[in-house]
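The structure's right below; bear with me while I get my questions together.
We just call them A, B, C and D in the order they show up, numbering each chain from 1.
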Amino acid sequence: MQALEPPVRVRLLRYTRDGPLLVAAAARITVSKKPVERAMEMGPGEVEKWIRELVRRGHGSPLEHAVYTFEAECSRVCSHQLVRHRLASYTQQSMRYTEGFLRSMALKVCSIMGVGSCPERPTSANDYRVYETVLREAAGRLEGPDGSGWALIVAASRGYVFNPSWSPETMARVARAYLGATAEYYGLLAGRVPREDARMVIPQAVRTRIVFTMNARELLESFLPLRMCSHAQWEIRMLAWGVWRELMKVHPEIFRYAGPRCILEENRVRPEPCSLEQYLNGDCDFTIPRCPEMVPKPGIRSCLRYAAESSRASAGPRGLGG
Amino acid sequence: MQALEPPVRVRLLRYTRDGPLLVAAAARITVSKKPVERAMEMGPGEVEKWIRELVRRGHGSPLEHAVYTFEAECSRVCSHQLVRHRLASYTQQSMRYTEGFLRSMALKVCSIMGVGSCPERPTSANDYRVYETVLREAAGRLEGPDGSGWALIVAASRGYVFNPSWSPETMARVARAYLGATAEYYGLLAGRVPREDARMVIPQAVRTRIVFTMNARELLESFLPLRMCSHAQWEIRMLAWGVWRELMKVHPEIFRYAGPRCILEENRVRPEPCSLEQYLNGDCDFTIPRCPEMVPKPGIRSCLRYAAESSRASAGPRGLGG
Amino acid sequence: MQALEPPVRVRLLRYTRDGPLLVAAAARITVSKKPVERAMEMGPGEVEKWIRELVRRGHGSPLEHAVYTFEAECSRVCSHQLVRHRLASYTQQSMRYTEGFLRSMALKVCSIMGVGSCPERPTSANDYRVYETVLREAAGRLEGPDGSGWALIVAASRGYVFNPSWSPETMARVARAYLGATAEYYGLLAGRVPREDARMVIPQAVRTRIVFTMNARELLESFLPLRMCSHAQWEIRMLAWGVWRELMKVHPEIFRYAGPRCILEENRVRPEPCSLEQYLNGDCDFTIPRCPEMVPKPGIRSCLRYAAESSRASAGPRGLGG
Amino acid sequence: MQALEPPVRVRLLRYTRDGPLLVAAAARITVSKKPVERAMEMGPGEVEKWIRELVRRGHGSPLEHAVYTFEAECSRVCSHQLVRHRLASYTQQSMRYTEGFLRSMALKVCSIMGVGSCPERPTSANDYRVYETVLREAAGRLEGPDGSGWALIVAASRGYVFNPSWSPETMARVARAYLGATAEYYGLLAGRVPREDARMVIPQAVRTRIVFTMNARELLESFLPLRMCSHAQWEIRMLAWGVWRELMKVHPEIFRYAGPRCILEENRVRPEPCSLEQYLNGDCDFTIPRCPEMVPKPGIRSCLRYAAESSRASAGPRGLGG
């Protein structure tokens, strides 16, 4: 059976070369009379020591010099939450000027429905009407039991986000709603309603593309703690874990200490900070009586494990180019 | 004929007492050895002179001490744009935990459809099923010509935003999409899908409530210039003009110079700044060859007038309490 | 014996009316469908409950709607640290255009030295030369034992900051350096060096005036925790405690939970948050193994008490108008 | 004759690889359905076209993805101005914990004065007393005509900033003040006054080291326009022009459009934006009636040339390692 598009995709596009070294060297000049050039001669062990100390003391400002740019795909529900993080930069695909991922979805539906007349680049009212008709029919086909049902759900996942943990019935029901609403959208375009108005009927789950830049401090102290937490909504939680996995590939010296708020708080009050992995596998215990989200000490680790495991689906096989 | 709910509502909740005086006094201490207390003895004429000078020189930092808190209603399309302004504070109604404006809409639809069995506070699957059924029927009734059509559109405007300039046919079509999608939403709730997931099918036009705080500099130099402009999307443009009208009621000394980007740029290069009203009524001419949005000098005033006139509908008669 | 000018003065100029109510009402709309107007009907007990919950969960964003503007006097060492808090607004007295507090200091020195010829508003080279001469003589008089020594130190405290805990010998030595450097400054002005260049020789302890605006979240989560801490430099620590005392007069519902970083962290991991007073007087114990500044649990309370007691000198009897 | 240390040094440490391409690609995804990967296949000509368009429209947000980290040396007068730019990250050498550049200055003075007993790493009261004595004598030697005068001024420029346009007499006078104040500083250290208090007597011109990170938007729209302007104080103006020269070496596609506020405003209202070089050499004329700093159109170019020429001294021959 064909797989759904993953709800969330995230890829690290650019980042500060030698970020950990730059951070350590910047931290060092605060208490030294030597220039940064000299401070940057330190070895990896010393870099790790300096960063560990910054984490332990919650001394975040030197971490701001390491900066990361990501490309992500997620729903507009998720992007609305994402852009609430104000210490970051965003550039997002506009639905005033484009149909976003909807055209690619519609063409796939056409192919599944065996309709050969769907234009690749619709411009006329008739073109849009063809899209409308096919999408409405496809939505109708999801009402009853039908062999092509799953293929249509998969097609819908090109344009909209599905929660991978939904039951097949919920998937079908939601896909029907997505396809039906997209039919309305193309119907409005056929009626010469401008794109920026027609989009009003599009469900919030519509997929969007966004490029964002955050520094290591914002990531460590705000974005990851809030959004990797099991109390965060599942989609942005997937995004946050995906971001963290990308970061671990390039700068583990910094991001091994990242995690939900429980870890942020714990690392600031225990003698030595521990890594997310150490908390997950039980090599480090929590000492705080409860996490900021009110989970008492004995429950924190299993809460953390749930967050980690439920967020594995973020990296799809096809890459962002889809 | 009953009126639609206005797409956008905005109300000034709190603001800095004597904001203009505080701004002028702060500006004055930069070049004086006297304390603020003494600077605050200045009269209204002097306050106006100081503020005019700040505007003329684009010296914005003293304007940050005057701060304004608004309550607004608009769609989630609009709130997604709003929260992109990062030098501000936001608190928004959550759709993870509430149905927002949808329940009030559904109850109104029940009443129009003559269904007496809609529970005020739905909790069981059956309760939600009643909502689903009524909304689906109402959506169906909007397909053909029907006396109750307009009343249903008006009811739909409780939960979703309509562009007041749409044709009646577009209104009906869009209302049908809104009601149909809300039926799906309640169907998912009936199926025990959590609210945070069920909302995925809700159209982006869904109404939301948001409290936001901005200072006079962010308002004058960024939010109002970008969003009062005729190139802004109509809904956030309505919001921006609504914000400006609220501000003019309390601090005209500052906000008379506010306006789209053409005015921001013009006031920084002409001998003396002019007010928005002076530009609108022709008492001041533009000298810049073009505005930042590429409208050439001769067209700027009519562009400005269009922006002003098309944004009058923002203040509804019923107040925010609706 | 005449008292020194306090090193730091701070006064709350303006703040959000009903700040705690506004914060509580904003927090409430996130989980309610009611407008803010309705939420603002809640009573004081409910306001306190909501704010306590925000503190307990570290849910800071609603606290941003309450905003506070202060006027402060401190050294430029201190103001350089202050303006590092980026989520705030600043307007500072310029020494490119004014002599700041130095002229008032020089006139007082003239009077002590019995020199009647010091012009109130110096403009010519000769005028500045008079200042230079008097100040140099006064500096010289501080070298040996002399009855007028203390009066000159007091005069110097009009223009520069003294640590109240210094020994009389250090005071005299430092005052001599301040007066000598100010003599050089006026000598340079006499030589027609522009003010912005002449100030290069002025000691960093020179007094400055600054107006700043911060919201309750920045105050509670960043400024007060970092700067009320006993590890902060004494001058900005005095400023921070002064800020806190001003805030307690108007909005104790919010600021009773403020304090150094130990309190910020502790309140997020203990079952119920406690107030600064409760920690100080022992009604609440710390549970965290150490504070972020590495003080182990048993030492935190005495560290906190030291910070509180050593920072009492911030409010002078004369007010800011001096 | 030996040269003074340049007042300001600045060096680009790290920056976003392919910054202009990343900016152009991000801008492009707003109006395209293609992923960033595809957008990044564009050629240099297209990159330049996209960036030019962003500048022309004042559409700054995509420029935030290109980020630059600098190391700078300047006075604390200058760093106090620098850190007022809040959309940036700073890490600065502390004078609570180090003597900064003062020890290196003192050792050079010892060598000039022929004192062999100055300890490299002073720790005891006696050590500091040696420093104090030598510095006081050196200051005294600058009072009259003396062959070693210039060498002492050069030594003083290791620890403090001199305006290169000062007359020799002013230089000597200022150097005397600097050395005298440093003598007081070491005298206080000898008296066991902590470094953080002893620094109170240090002149504001004291040299400091700071690492800062800014994105291209903050640089283009705020830092460079305000600080490259001839109305900015000379030292931060030197810093800003030094920053710009560093940026032009790596990303001229973006920074050719940078310049003082006159250029920022002009490029937003003329048909096509021009580069700083084109304005300087007269290939582009100004159309705005005046600049934001009130210079009328006919005077803007010569004002711009003055700013450029008076700021050439920023790059010293010795590099930052000095």
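Just so we're on the same page, a contact is a pair of C-beta atoms (placed from the backbone, for glycine too) under 8 Å apart; a residue touches a chain by one contact, two chains touch by 3 or more.
Keep in mind that what you see is a predicted model, and the values were worked out from it rather than measured.
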item: Equivalent interface positions on chain B and chain C, same or different at half; value: same
item: Fitting chain A to chain D on CA atoms, where both chains share a sequence, rotation angle to nearest 5 degrees; value: 180
item: Chain whose average C-alpha position is farthest from chain C's own; value: A
item: Whole-Å gap between the CA centroids of chain B and chain C; value: 39
item: Intercentroid distance (Cα basis), chain D paired with chain B, Å; value: 42
item: Distance from the mean Cα position of chain D to that of chain C, given in whole angstrom; value: 28
item: Junction residues of chain C - those touching two or more other chains; value: 90
item: Residues on chain B engaged by chain C in the complex (per definition of touch); value: 13-14, 16-18, 22, 25-27, 29-33, 35-38, 61-62, 64-65, 67, 69, 71, 89-94, 97-101, 103-104, 209, 211, 213, 215, 217, 320-322
item: Of all residues in chain A, those that touch chain B in their complex; value: 75-77, 79-80, 83-84, 86-87, 90, 96, 160-161, 163, 166, 169-170, 173-174, 176-178, 180-181, 184, 187-188, 191, 193, 196-197, 199-206, 233-234
item: Contact set on chain D toward chain B in their complex; value: 56-58, 261, 265, 268-271, 287-294
